[in-house]
Amino acid sequence: MIKVGIVGGTGYTGVELLRLLAAHPQVELLAITSRADAGTPVSQMFPSLRGHVNLLFTHPDETRLEQCDLVFFATPNGIAMQQVRALLDAGVRVIDLAADFRLQDIATWEKWYGMTHACPDLVGEAVYGLPEVNRAQIRNARLIANPGCYPTAVQLGFLPLLEAGIIGADSLIADAKSGVSGAGRKAEIATLFSEASDNFKAYGVAGHRHLPEIRQGLARITGKPVGLTFVPHLTPAIRGIHATLYGKMAHETDLQALFEQRYANEPFVDVMPAGSHPETRSVRGANCCRIAVHRPQGGDTVVVLSVIDNLVKGAAGQAVQNMNIMFGLPETTALNNVPLLP
Amino acid sequence: MIKVGIVGGTGYTGVELLRLLAAHPQVELLAITSRADAGTPVSQMFPSLRGHVNLLFTHPDETRLEQCDLVFFATPNGIAMQQVRALLDAGVRVIDLAADFRLQDIATWEKWYGMTHACPDLVGEAVYGLPEVNRAQIRNARLIANPGCYPTAVQLGFLPLLEAGIIGADSLIADAKSGVSGAGRKAEIATLFSEASDNFKAYGVAGHRHLPEIRQGLARITGKPVGLTFVPHLTPAIRGIHATLYGKMAHETDLQALFEQRYANEPFVDVMPAGSHPETRSVRGANCCRIAVHRPQGGDTVVVLSVIDNLVKGAAGQAVQNMNIMFGLPETTALNNVPLLP
Amino acid sequence: MIKVGIVGGTGYTGVELLRLLAAHPQVELLAITSRADAGTPVSQMFPSLRGHVNLLFTHPDETRLEQCDLVFFATPNGIAMQQVRALLDAGVRVIDLAADFRLQDIATWEKWYGMTHACPDLVGEAVYGLPEVNRAQIRNARLIANPGCYPTAVQLGFLPLLEAGIIGADSLIADAKSGVSGAGRKAEIATLFSEASDNFKAYGVAGHRHLPEIRQGLARITGKPVGLTFVPHLTPAIRGIHATLYGKMAHETDLQALFEQRYANEPFVDVMPAGSHPETRSVRGANCCRIAVHRPQGGDTVVVLSVIDNLVKGAAGQAVQNMNIMFGLPETTALNNVPLLP
Amino acid sequence: MIKVGIVGGTGYTGVELLRLLAAHPQVELLAITSRADAGTPVSQMFPSLRGHVNLLFTHPDETRLEQCDLVFFATPNGIAMQQVRALLDAGVRVIDLAADFRLQDIATWEKWYGMTHACPDLVGEAVYGLPEVNRAQIRNARLIANPGCYPTAVQLGFLPLLEAGIIGADSLIADAKSGVSGAGRKAEIATLFSEASDNFKAYGVAGHRHLPEIRQGLARITGKPVGLTFVPHLTPAIRGIHATLYGKMAHETDLQALFEQRYANEPFVDVMPAGSHPETRSVRGANCCRIAVHRPQGGDTVVVLSVIDNLVKGAAGQAVQNMNIMFGLPETTALNNVPLLP
């Protein structure tokens, strides 16, 4: 059994981790911390967990996380970097679901996140936890930077095209739409039901923190900087990201075959039949990215449609997938549930 | 392995049965029929099932359902009664998710459903599949009438009070609210997104088919006819039923203790702590009924709040629960998933 | 022209007042205050008002409200009672959309609102602004207590029955459902999109502040205390209240005729044809209460369905209706827009 | 008074026309036809119109539309072209809200709409009813082709850039999102609440009928064919279109000033302040297009955000705007209502 701790379990990625881990046959959940809600039963805050999780939130200062084999950080940005070194020193492996270790360039990170990084040396060690790209390194990693939700959907969509050099990399467009849970479980007016329901809007057009993360990931593939315009939008759904990706073909190829071959052995990437339009609900609650590739009117623009559940393949599910890889378990352990539709 | 067939699998109870059965370790799914969609892969109609269900819909006339141990009918009302006798004669057990065998009084059934019943003799044999009431009879039944969604939520809410004679039975009120999936996967204007979204309404106040079913169930408890006003409403959610039940106290008792004791050994009924307000999302995707009992301002009106997922405890999940009982499996097999929240 | 000021215009009743007043031919909007947002253009906070309202929010301390003919308070409870006396002394008439002057019994008010009332003497003068009951008194009032949203829907539904003594008043039930905007424009987790969407729940079963307000209103009709159980629910719609009301018939009558006669001359109460089920969207954005009365299966339980838009007939629209009455204008001035459907 | 008739009033553009025309001081509504619902009161189908529209639907064969000054066709594609000639011959002016007269190239029209055009000669006479481009021609037109919803949002967004030659026209991208009412009031499974809610998807990537309409409109501006990739999506909102437009800068300019100057005199196009993100709800129910223009990270990609209410500026509102122009009325007559927010 893997002894697991969770730091910061009162947000949506926290409750989603609990949902997945409660059904994991190789996990023993030791502790889940919350500074604000220490002493509260987890199932009081999240009644969906009644009968499944019997822990209380504990105060981080009174929780002996060094007894864990693995600790997940489901905290706001800037928390994990304060605590990771001590855990690693104690032999605990760490998966950070926040952004502290996602950007290798410290200056870029500090600019976008508005903080001084607490442990730049550990950034270099951290492995970016996108299994479809980094599976081998994840296996032995001590510290995983779990990818962001938009970056997961966008990178998996562009990956086959850029690896094969089929599209130019200087003028990519990612028009992405997210359900509201992507904004987290925070008391804010902009994400109230009466504000976000029956509405649609773009946000962060001038710049979103996931932009440098996506650029970094795509540049690793192409070996040089990419030109990317990234426009995120808010759609009135709870879960789901839909990325609509645009690129210009530089070389002819069978796009459908390219995608099918690239992901033939990936358990969590589903290349849909030619002509498909994947729906976000088709992955609701599941650790799955469904992709379709189009070439409208046979022109030179490639359109990729990529959908994930932002809380699963875009967060907690991918974290469990990384855990499975790190601990030598079958990668699909506890991640093979059928999406909830309708 | 239980060899299972499904008749009529293109509706919401059908896809929900498939979601649950795909994860059931003791089930081998032999066939799923659809007159209109024979030849279509199930996963083409429901992409959420890609990788989980590889069957094609088959034409009912070309499907050898008599090879099954158990057949589920997820058909419109009036279909199962045409086919059940042949299956029973072939030694196949049957669970009907529609209403054909729910009402013991044939005349009542024919009045509310507007059809002549095809096999009145089998109605008498059919067991009403509410395990919290009929577990023993379910075990040996050949034919199960799976309860309706409203009747499940309402009966489980009133049950402890009526069994103990705590409230009068002559003037009960059930004000019930259902998500739109309760109306089924049918092309109709009234349940279009643009009609049902951002809206709330009552319907069927003059009379709803679940009224006689609920009355029958409650009368079995009290031993005499009950007076019940039942008002269903449509709420803009996909899944979920919330029944708000009102009764007049006839005798003093500790209501909380009464409910907790009645359901102490029930795996799928969760009595919430005193003062709770169960939310439909707390059971989303799960075979669970959560109940809270209130006595506002200490008066003589008892208010019970009872929530289920209409497609799970109100349909497909309860059907699988009945199957587990019928075949001697642990009752929670394949039904222990954590609800999807948010 | 009526010179109008609004105190506290950043909530939903505030922006709704602005929407209605911007189209009012006899209103000159002098000022709208906000302590937190002074200096911000109103149309920056609410882009829907661009081109319609050119004011800036001003600080209450720097706003000369005594120059107004009428001031609306769209503030949280407890604010208006601090400021009303000075305005009245300056000859300004006041409509309070909050609850400060709704309950005539000071002790009851202080118990439910948890505050000491600042001006109990003015409570006696305040007129409860339900025109269908108090039109004559409203005409000459200096101070109007604008009714709550639930109380409006519930009182208008019970009114004809209780006035005529058709139902008993000792055991009324009001099962009411509200859209989320009823909770206001406040940063709170419980009303986030990801919490309130695709969900349904009751709340405040033990006691809600609108209970004593409804009881007071109904007791005025019957001349003695009424027995009322009131259960509010949250439904995932932005606007709309649907009250489902239950009473026991004490005397036979033609219910449909009773309702039609009672409201024959009311411009904003629409008695639907017999057998109707009014939908909340049928009054979306309009100052209208639609009502249907049923007697299921011809029994002795009367069921009334009453719908309003909580922000219009349940708040800002009713306030403008009261203003029209107070200033001798045609009652429907600026209130005759067609509901927005779909 | 303008005598107005409506052909085909049972869809969403029909009821929206009725909402707007009911408040129009210069319109006398003579008749509204429906083959299927002849004899039904309009307000029975749409209770929101109770008290505002007292007409019954009449059978088209029994309706003397030639008595009208103006007839709106709110019919499916292919109906107006059968009836327009007779009306024009009788001196009636016509606004077609469907697509029969939108494409000047008959072969293109017949390919995309799968029908033989019934009156190609009238297509040449028809004026494309986008006032911001064709105001002068609209004034004297007998026959108006009212633009599609997507084409309105997309053309108004690209217009200033293409007129001024600021972006290249060979590689435009329009990533557009529509609320579900855009699919019309038709009984179809794909637009059921339980299918379209809590979901997001693209559709028609291979080709959508609005693509040639947009291309035609943009080519009129540039004087030569444009390269455009158009990807429509379905978002779970009732109303609203959000077009996110991408182009490559060919020449430097002050983008904000360009847009503000182009639309300075347009009553229904609102250029938002620099850095804005217009929300669809900010135009809910109003005949308004709000636009923001961005240049992310100062690069050479221009991003335009353009929102409309698909049923108003994208259909019925624009039709009334055209009517106002045609009959010499102030263009904003009956179109100046404040959007409904929240």
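A, B, C and D label the chains in the order they appear, each numbered from 1.
As a convention for this text, contacts are C-beta pairs under 8 Å (C-beta built on N, C-alpha and C of every residue); 3 or more make two chains touch, one makes a residue touch a chain.
A quick note: this is a predicted structure, and the numbers were derived from the prediction, not measured.
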{"item": "If a chain touches chain A and chain D alike, it appears here", "value": "B, C"}
{"item": "Most distant chain from chain A by Cα centroid", "value": "C"}
{"item": "Computed distance of Cα centres, chain C from chain B, in Å", "value": "39"}
{"item": "Chain centre separation in whole Å, for chain C relative to chain A (CA means)", "value": "45"}
{"item": "Gap in Å, rounded to a whole number, between the CA centres of chain D and chain C", "value": "36"}
{"item": "Multi-partner residues of chain A (at least 2 other chains)", "value": "12, 179, 181, 185, 194-195, 197-198, 236, 238-239, 278-279, 281, 284, 342"}
{"item": "Touching residues (chain side chain D, partner chain B) in the complex", "value": "12, 179-181, 183, 185-189, 191-198, 236, 238"}
{"item": "Complex interface listing, chain C residues touching chain B", "value": "171, 173, 175, 177, 179, 194-195, 197-203, 205-207, 227, 229-231, 233, 235-240, 242, 244, 246, 248, 275, 277-281, 284, 294, 296-297, 299, 301, 303, 305, 307, 342"}
{"item": "Contacting residues of chain D [partner chain C, same complex]", "value": "12, 15, 18-19, 22-23, 46-52, 181, 185, 197-198, 238-239, 270, 272, 276, 278-279, 281-286, 290, 311, 336-342"}
